[in-house]
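Take a look at the following structure, please.
Chain lettering (A, B, C, D and E) follows the sequence in which the chains are written, and residue indices restart at 1 in each chain.
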Amino acid sequence: MLSVAVKKKLGAFSLDAKFDSACGVTALFGPSGSGKTSIIGMVAGLMKPDSGHIAIGGEVLFDSATGIDEPAHKRRVGYVFQDGRLFPHLSVARNLDYGRWMSGANRDELQLKQITGLLDIAHLLRRRPGALSGGERQRVALGRALLMKPRLLLLDEPLASLDAARKSEILPYFVRLRDEIKLPMIYVSHDASEVKALANRIVMIEAGRVAATGQVDLI
Amino acid sequence: MFELSAEEWTAVALSLRVAAVSTAVALPFGIAIAWVLARKEFPGKAFLNAVIYLPLVLPPVVTGYLLLLAFGRKGFFGETLASIGVVFSFRWTGAALACGVMAFPLMVGAIRLSIEAVDRKFEDAAATLGANRMWIFLTVTLPLTLPGIIAGAVLAFARALGEFGATITFVSNIPGETQTISAAIYTLTQVPGGDSKALNLVIVAILISLVALVASEWFGRRAGARVHGV
Amino acid sequence: QSLAAQEEITVFAAASLKNALDDANAAFTKATGIKVTASYAASSALAKQIEQSAPADVFISADLKWMDYLDERKLIKPDTRVNLLGNKLVVIAPADSKLPNITIGNGFDIAKLAGDGRIAVADTKSVPAGLYAKAALEKLGAWKAAEPKLAQAENVRATLAFVARGETPIGIVYETDAKIEPKVKTIGTFPDGSYPPVTYPVAATAESKKSGVAQYLNFLRTPVSKAVFEKYGFSYLIKPVS
Amino acid sequence: MFELSAEEWTAVALSLRVAAVSTAVALPFGIAIAWVLARKEFPGKAFLNAVIYLPLVLPPVVTGYLLLLAFGRKGFFGETLASIGVVFSFRWTGAALACGVMAFPLMVGAIRLSIEAVDRKFEDAAATLGANRMWIFLTVTLPLTLPGIIAGAVLAFARALGEFGATITFVSNIPGETQTISAAIYTLTQVPGGDSKALNLVIVAILISLVALVASEWFGRRAGARVHGV
Amino acid sequence: MLSVAVKKKLGAFSLDAKFDSACGVTALFGPSGSGKTSIIGMVAGLMKPDSGHIAIGGEVLFDSATGIDEPAHKRRVGYVFQDGRLFPHLSVARNLDYGRWMSGANRDELQLKQITGLLDIAHLLRRRPGALSGGERQRVALGRALLMKPRLLLLDEPLASLDAARKSEILPYFVRLRDEIKLPMIYVSHDASEVKALANRIVMIEAGRVAATGQVDLI
């Protein structure tokens, strides 16, 4: 169960979005500049709403009324940024391992193998992010978020610069995460087919407002 | 032909120790202050800034005299610190203190510059991956600030080699205890016919700094590359 | 002796004394086995350090006022104080200068001598050599004309450098410095009495308890040290006692 | 109560002029050298680096003496420059030169740091848009280096205020011509009982630097924001 | 007429691609990490081939044999980078105007109006790039390249993070550029439909080699 209700002024742009959804994948669908990344940023705890309320599975992450504001590093939400944001000074391997390192858990070689295999980045482990290709960077960012074992996954156009072949490998994995581990996700994408394949619930954002919410047939 | 007296060699050794220790000890403080100045807004920030720049703005002699008044045996801090066994007055530790104080603004300036250049979005990413403020600083901010830290350390080290006005005023010019290369050079320039001897020491000073610079260039290049992800 | 052998005394002395005093100290150590550490700096710095209880046993100032400064504050042993050394003020010019040798007396027009150049002199407010020079010029009625043409330096050596480098046509320095610098020549000596006698006073600091200090002060009054100091051109102001 | 003599006021005014001019004149050279050190590899780079750091490593008195040898009337550069009407000896211009030289390493250090932090990909983008190397430097590299330039300028300005060892050795201490605040302060500290008077000037120096710092903070913040695109 | 033949070693990756095409739109199609951006970079003059030959419409831009290497700023190729690369210190307006400024030509208000309208970025002109949304950034980058009046346009996934609606506005414009102004383009995209709509000729890249070249029906 995920519930979001946030208000925020960003310069001339004002965001006022309210939606909630049972677990599973919630797709944020909407034109460029409509506020999707901003909403995700607030769920992640990187942007503070002017007012509002954010909760996952009953636990309140933010509530302006009661003054609750769980800091980002305690929220355990995996965030795949629209712009990758790999740590430039760390090797791909250390980037992937970063979340595990911070949580202090011990290595899960199996999962690492599985993910690097799925994303086809095993051959990049020793490289630094600087000279990675756009798609490689995006895949590593995706792996980094998956490997931190999040309780909620925020995906901001995670497949935008990947080729069809790879998309068709990764999408099913998301479906498995959704169905087997029951990992809730907020999924931002402009690709209708992706959204159709993955989302249980669709939230249409327009100019900072929720224009509509509904099932896949909405698009 | 090139020759140094035993006393001059001691001065060289002492200078190295003083410069190294003062830089090493000042560094953590420098990083902390630089971070505060780069990231925090608070009343009296301008004042803190001014205090740090003071040793740069005032003639070294004055700084040295103020140190003498504050950290001398009878000085306010001097007495308190002495009671816990930390003595500066007329010890090499005092020379190190003087050098550290004189070099501090340079160090802070460089490090602050690098911290301000760090792109916060990486720190945000670290936060979502579960790093608290302290870990973010240690694993992201600090490594990305390395170029500034190296540059700051070199500036401080070089400054410490050249410092003498504050040192000689604070802890005098006692061979083997507080007489650094610079103090020795100065003394030699104060007497007829000392210049040639002074030149020898000048050459030594240059050689030392040359080594320090080459080393820093090397580390600096690697640190810079890492910051840009290669 | 054997006890004294372990002993080590520290002397705070004006920077301009370095090479003379180094020799004297070496001789003293040779004679007595007592090691001497000398810290050379500006008299002002040394005096202020002694005021902050620096570990100095003996203070040798380049002028009377910093010794008086300590005296007033009861920081030296008055009975140990002696005016040990003296020096002379001379007018110098670059070695290749065309200027004739001159005899300095009343109405000495140093400004004219400098022509359109400047007169190098140690700082007339703070550095002893400068203070003496000012006194002398005032006495000879040359100060008014000279003042605007002065190039004041931080110390005598810097003054000397100005002349040696031909930055200024003339300068006023101590005889001791003029003697040793080959790039300058002395073209005139200020008559005694035209300025208060240049004096380097010596005294034991009040806090010093070392027995070697007495020996050291005595040694400074022996013919041996007299010879050393005169070798470097200082005038020796007291009758040596052997 | 607080009072300055006419001569002290002139010293203050002169200091401001000297510090401002030396910083302004040194800046273009500082930027050029910093760029070369940041972007070019060439034999003798370490040497150039060392030469720039020299004034930091050597006691100011020595730097001053070297300046005297080089730029004095009879000095190698001095003579040539004099022939084209540029005279340093015993002029305030000489004081500015000394301050500029002493401050140069600080300036270069800061600017270089910022240049190395600039992401080359923006320069690439500029190239595809038709900018040649010179325009790339002026329209992309330089603006993105502004934080370092400001920091470097402040360090240099402050250093110039505090400089006196090299200045007094090079161009003496002539009231109204080469006697800066620092020289005046120094002189006062050399006479018994001069301390209280010196304190007045110290306060003035601190006030000046305070103003300079506040200004630089303001510009620095704006420059930094621009670099990060906001 | 565009002809490219380049060899380049990048770490473990080695690129060896040769293709040419009559004017119009050449699509580089291939999996992530196959070398598309690298090829474009060499055409733009930002990356120097170890050896090879690059020419547009008869004019040689690079030729290792004769040592010709036209510097990037003289090539007049408009490059839409995969990662935007807007100048952070300049407003959106100045970013858009940069190419014109460097060429010293005088303002073409008409074209500016047309492009900002087409890309729907007129309302962003006074903003700085820092806080733009992903898609806004991409649109401004696109505008910047179009406004420099290039003789060849290099488009590296120019529509990747744009919504369907905007894509369907912008694509036709590319078609017009191709047919009316006869502006040659090299177009990198993972979206088959885009490529179908635009490309005259398709070059399949795989692991740094040209796997196949042909007409649209190739995909």
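Quick note on the criterion: contacts are C-beta pairs under 8 Å (C-beta built on N, C-alpha and C of every residue); 3 or more make two chains touch, one makes a residue touch a chain.
Quantities reported herein were computed from a predicted structural model and do not represent experimental measurements.
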Third chains touching both chain E and chain D: none
Fewest hops from chain A to chain B - one hop per pair of touching chains: 1
Distance-maximising chain from chain D - centres being C-alpha averages: A
Mean-CA-position distance for chain C and chain B (Å): 35
Distance between chain centroids, defined by C-alpha means - chain A, chain C (Å): 80
Computed distance of Cα centres, chain D from chain A, in Å: 50
Contacts with 2+ other chains: residues of chain E: 83, 131
Multi-chain contact sites of chain B, meaning residues that touch two or more partners: 61, 65, 186, 189, 227-228
Per-residue overlap in chain C, given as positions that touch at least 2 other chains: none
All chain pairs that touch each other: A-B, A-E, B-C, B-D, C-D, D-E
Interface residues, chain B side, partner chain D - complex: 45-46, 49-50, 53-62, 65, 105-106, 109-110, 112-114, 116-117, 119-120, 147-148, 151, 154-155, 158-159, 161-162, 164-165, 182-183, 185-186, 189, 198, 202, 205-206, 208-210, 213-214, 217, 220, 224, 227-228
Residue ranges of chain A in contact with chain B within the complex: 44-46, 71-79, 81, 83, 85-89, 98-99, 101-103, 128-131, 144, 148
Chain E to chain A touching residues, read off their complex: 10-12, 30-33, 37, 82-83, 123, 127, 131, 133-136, 138-139, 156-157, 160-166, 190, 192
Complex contacts: residues of chain B adjacent to chain A: 121-122, 124-132, 135-136, 139-140, 143-144, 226-230
Complex contacts: residues of chain C adjacent to chain D: 42, 44, 65-66, 68-69, 118, 120, 123, 125-127, 150-154, 158, 161-162, 165-167
